[in-house]
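Which chain is which? They are A, B, C, D, E and F, in the order written, and residues in each are numbered from 1.
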Amino acid sequence: MIYVTRRAEFAASHYYHNPKFSAEENRRIFGKCNNPHGHGHNYAVEVTVAGEVDPATGMVMDLKELKKILEKEVLDLMDHRFLNKEVPAFATTIPTTENIAIEIWKLIAPKLRIGKLHRIRLYETPDLFVDYLGE
Amino acid sequence: MIYVTRRAEFAASHYYHNPKFSAEENRRIFGKCNNPHGHGHNYAVEVTVAGEVDPATGMVMDLKELKKILEKEVLDLMDHRFLNKEVPAFATTIPTTENIAIEIWKLIAPKLRIGKLHRIRLYETPDLFVDYLGE
Amino acid sequence: MIYVTRRAEFAASHYYHNPKFSAEENRRIFGKCNNPHGHGHNYAVEVTVAGEVDPATGMVMDLKELKKILEKEVLDLMDHRFLNKEVPAFATTIPTTENIAIEIWKLIAPKLRIGKLHRIRLYETPDLFVDYLGE
Amino acid sequence: MIYVTRRAEFAASHYYHNPKFSAEENRRIFGKCNNPHGHGHNYAVEVTVAGEVDPATGMVMDLKELKKILEKEVLDLMDHRFLNKEVPAFATTIPTTENIAIEIWKLIAPKLRIGKLHRIRLYETPDLFVDYLGE
Amino acid sequence: MIYVTRRAEFAASHYYHNPKFSAEENRRIFGKCNNPHGHGHNYAVEVTVAGEVDPATGMVMDLKELKKILEKEVLDLMDHRFLNKEVPAFATTIPTTENIAIEIWKLIAPKLRIGKLHRIRLYETPDLFVDYLGE
Amino acid sequence: MIYVTRRAEFAASHYYHNPKFSAEENRRIFGKCNNPHGHGHNYAVEVTVAGEVDPATGMVMDLKELKKILEKEVLDLMDHRFLNKEVPAFATTIPTTENIAIEIWKLIAPKLRIGKLHRIRLYETPDLFVDYLGE
């Protein structure tokens, strides 16, 4: 068993707001992130696939294919977008780093034909990131 | 003469649009950056001050003061903001990396009491940055 | 379950010395790190908290609070300090990367009100780091 | 139990080719990596050793010794080499990131006198890496 | 006047050898880099263009076009190649970091329609790079 | 003319203090850096040499020689040292980033046999650095 990770970047904007909270609660809980105009990040996503090395290729899976899945399922959807307004999953869920990582898991897991999705790591900045292992 | 540089980060969103261009021209020239909802970046700004070393302190200037100027003049204005809508300078100017760097120069230069502003470097991503030397 | 990590930096000095070793043993075992005047590093600490996403906030915990804990418990104690002489835990324990990571765990774990401390990663340099998981 | 990681870099070249595949299959499966002249990378390897902290030294193991093992077993063999032609293990195995990581595990594991080899992480580029845990 | 920089990476192999030197001289002068099988690097090139900001676009030049020039003139030629054998310019010139940077200048300068090529910076590793300003 | 840069790291501790200032002035001007026990950094120094490319070698100078000069003149003197107490130049000068960069220039400039020292860049942290060009 070996773990292969591919990293990609995308630029998106978001804001944090729960319509069930009062304006004051939203400001207190979410701070500067509550600004409804949105603000943005250069997100970096690391997708880790676990599998066995195929002796014929020396590889777990074709990484060009993993790159295509990442581009089609995640980057085409989220890159250069205002996540709250333009990504359907975030119409009702707050696009926090946690929720974006979980959403990326849901988008990629069903598309893998070889290996098993092991982990999604999402960096909002180099100093803040989350790991989701699907459970 | 020695050059002292301090780096800071801020997260903001922006989009590129010229109202004098047709919708088609805006799309062709600005591509994905033309999305009016905005998208965002973790900007990194490097402020370089040139000066002589004060023999009494061994420093060109008090960097705690430079940090305060950066925070007050730039970060308080731009961090967690949609630049087009919330920063006055970008109501009429497109907030490209070039124009943001020039604006940061204008904000910081008049506040320095010691030394001379030498360069503003602004990273939009680690792979794309501009340098402005004030002339 | 999701894992949220926040990173912070501090600058400190230290040296390695065991009073039970002879001078020659200290030099052989600890090499350049045995210099009693101390030498220093830009340490980077990554604190990982495991927990469930609160549906109301989309977050495991308020990261502004985690940052405050890190600053109050770790940075206020260790930043710009000579660890051997100024941090009580290192009066009797050698402040190796391993022992500093364990000490940071002890300082942060009891202060978390939500989630569970999962891992402390401490970088002495980008090429040398330790992970402590509390067991 | 604590995990200590040391990182080192080496520059090597390689290419991907399976003599059992047709020329067309090799090109399709391996793409640009199939070029028989080879191409190269600045590889970065992270060796993680798990162990208990020795109370007398505050360390799991002498990292100067781990560095020597890394240099003697891995860097002397692979640095500034064309892996396919000059490293015996890759005469019959394709030097993919996966296989190089597994080979490094085999080279280092038997040389550790203290602690237990926990993980080899190998970066081919900052955007592509594998983890091998020995099982 | 403002300076815009775009960075790109490519993976290539090379070796250093002057046929006018004796085998012994080649080894002494070029060390490990003299290995005729080649070794490789993840090169990073930064292309800096100087120009004035176009008030209609807020940009010196369309960076999508600069990216295309970089890909067509440099990456298509050098990425995943053994520079000595596969890039014509290095049939008679040694592909040192210096000479590669100069060659990249020659490839890009005549293709720019707007602005002026100001600098090529080429990283062989993060610890070794050259700057060429065309004169 | 081309510019070649080599980077190296060293770990040292220092503190800021001017005996002509009162205790209160030292605290106000130097802040946390005034702590007499010292604190430390992973310094990174970049040495840039300007010269012409030797057609016989394709290089400005032998970088193995530049590395040796850096190690002998700078790292042997400053690495794992308390700069104020153990480096003679800092017995009477405050080891600020500015003064350390100037001192490194003085140590390296007279040792270069080929090319001309162009710049010393010294990073105290990734967010704070100085450039000295010798004039």
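Here, a contact is a pair of C-beta atoms (placed from the backbone, for glycine too) under 8 Å apart; a residue touches a chain by one contact, two chains touch by 3 or more.
Source: prediction; values computed, not measured.
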item	value
Where subunit C and subunit F overlap in contact partners, by chain label	none
Listed pair (B-E, A-B or C-D) duplicating the C-F contact set, over half by residue number	A-B
Centroid spacing, where centroids are CA-atom means, of subunit B and subunit D in whole angstrom	41
Chain centre separation (subunit E, subunit F; CA means) in Å	29
For subunit E, residues that touch 2 or more chains besides their own	none
Pairs of chains in contact (touch as defined earlier), listed by label	A-B, A-C, A-D, B-E, B-F, C-D, C-F, D-E, E-F
Interface residues, subunit F side, partner subunit C - complex	9, 11-14, 32-33, 35, 37-42, 79-82, 85-86, 125
Of subunit D, residues touching subunit A in the complex	16, 18, 20-21, 29-31, 93-99, 101-102, 126-133, 135
Subunit C residues touching subunit A - in the complex, by the definition given at the top	1-8, 48, 53, 56-60, 62-64
